[in-house]
Amino acid sequence: MELLPQALTDGILLGGIYITIAIAFSLTYGVMHVIDFAVGEWIMFGAFTGFYLNKWTGLDPFIFLPVIFVLYFGIGYLIQPVIHRVLSGTKGNPFLMGLVFTFGLAIMFRGLALTVFGFYSNSIPSMFSEGSFNIDQFGITVTIPAVRLVGLCYALAITGFLHYLLKKTNFGLGVRALAQHKDAAGLMGVNSKRTGSFVYGIYVGISAMTGVLMGCILSIGAQMGNEYTIFAFFVVVLAGMGYLAGVPWAALLLGLVQSIFMIYFNPSHTLLAVFAILYVILLISPRGLFGKGV
Amino acid sequence: MSETILTVDSVTKCFGGLTAVDDVSFTVQKGEIVGLIGPNGAGKTTLFNVISGYYSPTKGSVVFQGNDISGKPPYHLAGVGIGRTFQVVKPFAGLTVLENVVIASFLKHPKRTDAERHAWQVLETTGLADRAHVSAAGLTLAGRKRLEISKALALEPAFLLLDEVVAGLNPTEADRTVELIMKLKGQGLTILIVEHIMRVIMNISDRLVVLNFGRKIAEGTPAEVCGDAQVIQAYLGEAAA
Amino acid sequence: MKTTNSRGPAILGILVAALLILPLVVHDTFVLRVLTEGIMWIGLAIAFDVIAGYTGYLNFGHGAFFGIGAYTIAILMMQANLPFWAALPAGGLAAGVVALIAGIPTLRLKGAYFAIATWALSRAIQQLALNVEFTGGPDGMRLNAFLNPQFFYYLMLITVGLTFLILWYLLERAPFGLKLKAIREDEEGAKALGLNPTKLKMQAFILSALPTGILGGIYAYWITFIDPSSTLGDLVSDQAVVMVVFGGMGTLFGPALGALLIFAFKTIFWAYLSDFQLLYLIILGALIAVSVIFIPNGLWGTLFKRKAAPPRREEPALTAVVAPEEGN
Amino acid sequence: MNLLDVQDISVNYGDIQALWNISFSVNKGQLVALIGANGAGKTTTLKALCGLIPTAAGSIHYQGSRITGLPVHKVVDQGITLVPEGRQLFPKMTVEENLLVGAYLKRAHGKRAQTLKRIYSIFPRLEERRTQTAETLSGGEQQMVAIGRALMQDPQVIMFDEPSLGLAPIMVQEVFKVIQELHREGLTIFLVEQNVHQTLKVADYCYVMENGRIVGQGTGKDLEADQSIREAYLGF
């Protein structure tokens, strides 16, 4: 049992980071009403961008976070109108086509990454990679790697930023209005196209930044996206689609599951465990852990 | 005229804090046309959805031909002889008019050729036969409403729920639909109809049930209901009466 | 759908005859092999379309059924020593059972959930195959080789031909197909007409899984070696999606056409540009995206746009209650 | 000059024509009403006016400038707003947030504190409920929020789509009182209603719609006296 505190700590630290992905992902779904299958690929692209920027400049990857955010925000901002166009099409079934479209994007991005980056997995070195803190009290020993602590700070900062943006700013008010009632939001003067682009941009930017972090903490590879897409989906379903308040709990649960499997079982069974939990939740409570999804 | 086909017994339907239908009771006798009227938001469509199985009542029960059907799924109710139309007409847009009706005909005619033959008959009855191969998305509003009726009829129901099948039609189209409804009544069909156009509902209904704010405020023949002060107030606001 | 005009069956007949005679004329094993796989892809694509195109539920993990079929047969043949013919139906059955189990929670959900849940399922099954012992893990499984290209060609042709016929009958002739389309168009409205969407969707999902599992089984015996990345990898699912979306959803001919074109492209691409295999993935993804934007009805739907058929009375009306009216 | 001038607009839903050459105008400070049966095309007219659905033909001018085809957020920025049918509040937001979204536009943002105070003084009940989410309110309270939200935009023209729909008689009275109050304060109002009696009493000028066409017009008194309108509309 002496590993349990460690597992819990790791899980919370990891889960904190998943919150950032899941909130942004959930927000995009709320505003665009389409699941972005490429979420994992944005994370992967972000991770590689951080990796190469570090390799070329020798500077710490954390310094590049703002640059990566701006870069991927721009990419997302430019791609969203295309998704919007697909969703507002009149031929066929626009909703299915929207899903197919992001699925296609995900395949394309994965192919692109495999072509450019190859099959090897790496990790991004950072000045925080080495250090760690040891807590040894009351007979409990817990090691907290510095990089994970930085990760948690990042997660708190991003979550705080999103919270501020959504709850305290006029823009955030418009975003929430748009997610709840598109026509009524338009009547209030919210420009649905531009707001949609902004939201998608922010989501892509955050996903990419989080990728850098995951690359420092775990590892990066051209095929890493799959796993994160499932994680994002897992968190959103567990929280209940569209129920943002449930996201942190679901993300923490995911972090715990992952760290428990890493410590006690075979880490490569994580995905199976995640799927098993997902299956049971969908079976028992399709509207998420709290029954408040749509 | 005395065999009760449908009994709505103290049906209440709540959505969260909102009571959309509040303790409504009435019966429908075999072969009659009962009109369900009331201002917008009075709970008519909600009541329709309860009777046709889309909602289960919060309280009370719906009895059809002696069987309690409250809370039974819609496809089960279609099977026992309840056909309905929807206020917001949504045909299967990607399919032709004929295919739309054939799908409903499958209920009583499991073989495709039989179902198609039956669907043609229904379309002849409702006057859509010459549009049978048109995509349902290409119909006019009048055509769509007629298609709604055709689909419900193709189930060969004993009891038909019509939700605003006349509203939105021009007078000529409306008259044709009224003619069709009377013809169906002549064939022995029992009908419960929601309609806004008073001229229509007053003419075709044997009896009326009036709802306001989810409650039944009046019941009786059109003449009786017309003279009811509460009904006039519900429609004209309080200045009238 | 009335796509069958007088020329249609004739063309189809000639095609089938040509396919039947072909191995007697062509002895090049490479050609035969390519044809065998091409036919297999037609089968996979049309099976995928049962749930995606006809029912409107995208299954992004179609490859899982293929892999389950392949593994079931490999395991039954190699570990239980069953003969191929006894193992083959079990491959389809296993895929059907998985569809049933996976469908119970996911088919109750909206389309987006279903799409991603099936995709997650396929990832999970791949993980499972990688991590348990009886599948050989990442090393995969080797089957006893039965090297007879003609046998597999005919087996594939007959299987896919039968699948096509059965699906064509069920989806285009029997009530089932129309009922599925009704659910695709409006699930709530379909209920009022006596259809039970939960049951029908489940039937469609299983119907989509069964032939896919059988094809996976044949593939395993034919190729004699399977591993998680070849039979359970993304590529099977991804190709199925692109074939159907590109070819045209909601028909049988669209996916068949899409399968032929994409597979031909893949064959040529891999033959001449084998150094750029990864480029193929990019092209697949791009093709999906581009199809969605420019030909949302697919190639078949765009080329053979259904024209409004002239009024046609199949039977004289038995009871003309109301005289037909002039058009309104 | 008319504040709002609608010339021959037509609207199609797919192959179906919903509006046929609708023309009408609204003068500054007037309360103009549009009445007609369910499905007559009243809501479609309003949606076309504020750019929620495209028009197939015709033109809409506001203060002399053409606003036809502008997206909805640009239309409302000109000072026209709509209180939509069925309220269309943001259900998961609090009352106050719903009101604040009203001041989303830059034009209205600066004054939002004052306007909010004013709205709370018109509807004291909303101040009591300011932290409740909109979905937990009664129909009447929701209607107050919807009107308040529109006022937050600091509009010159408010269009109402059946504001009395589904409200208890006493609330209907209150809604009409508020509308008249706003009218007296100088706002231009375009009112779509089924509550004919009340509407005819308060309106300066009235248009009657049937099947996507304007079939009659006149002052409230004229129309009230017109037996044919009563018949076409109510049947008794």
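Labels A, B, C and D are assigned to the chains in the order they are written; within every chain, residues are numbered from 1.
Everything that follows uses one rule, which is that a residue touches a chain if its C-beta (ideal position, glycine included) is under 8 Å from a C-beta of that chain, and two chains touch if they have at least 3 such contacts.
Owing to the predicted nature of the structure, the values given are computational and were not obtained by experimental measurement.
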| item | value |
| --- | --- |
| Labels of chains that are neighbours to chain A and to chain B | C, D |
| Centre-of-Cα separation between chain D and chain C, whole angstrom | 52 |
| Separation of mean Cα positions, chain C and chain A [Å, integer] | 33 |
| Centroid distance [mean C-alpha coordinates] between chain D and chain A, Å | 42 |
| Residue list for chain B, restricted to those that touch at least two other chains | 138, 140 |
| Per-residue multi-chain contacts in chain A, two or more chains | none |
| Chain-to-chain touches, reported pairwise for every pair that qualifies | A-C, A-D, B-C, B-D |
| Residues on chain D engaged by chain B in the complex (per definition of touch) | 14-16, 37-40, 135-136, 139, 162, 164-169, 172-173, 194-198, 201, 211, 231, 234-236 |
| Complex contact set, residues of chain B against chain C | 52-54, 73-75, 78-79, 83-84, 86, 90-95, 99, 102-104, 106-107, 110-112, 115-117, 120-121, 124-127, 129-135, 138, 140, 142-143, 151-152, 154-155, 173, 176, 179-180, 183, 187 |
| Contact set on chain C toward chain A in their complex | 52, 56, 58, 60, 102, 104-106, 108-109, 111-113, 115-117, 119-121, 123-124, 127-128, 130-131, 184, 234, 238, 241-242, 245, 249, 276, 278-289, 292-293, 296-297, 301 |
| Contact footprint of chain D on chain A as seen in their complex | 170, 173-174, 176-177, 180-181, 183-192 |
| Chain A-facing residues of chain D, complex | 50-52, 71-73, 76-77, 81-82, 84, 88-93, 97, 100-105, 109, 149, 153 |
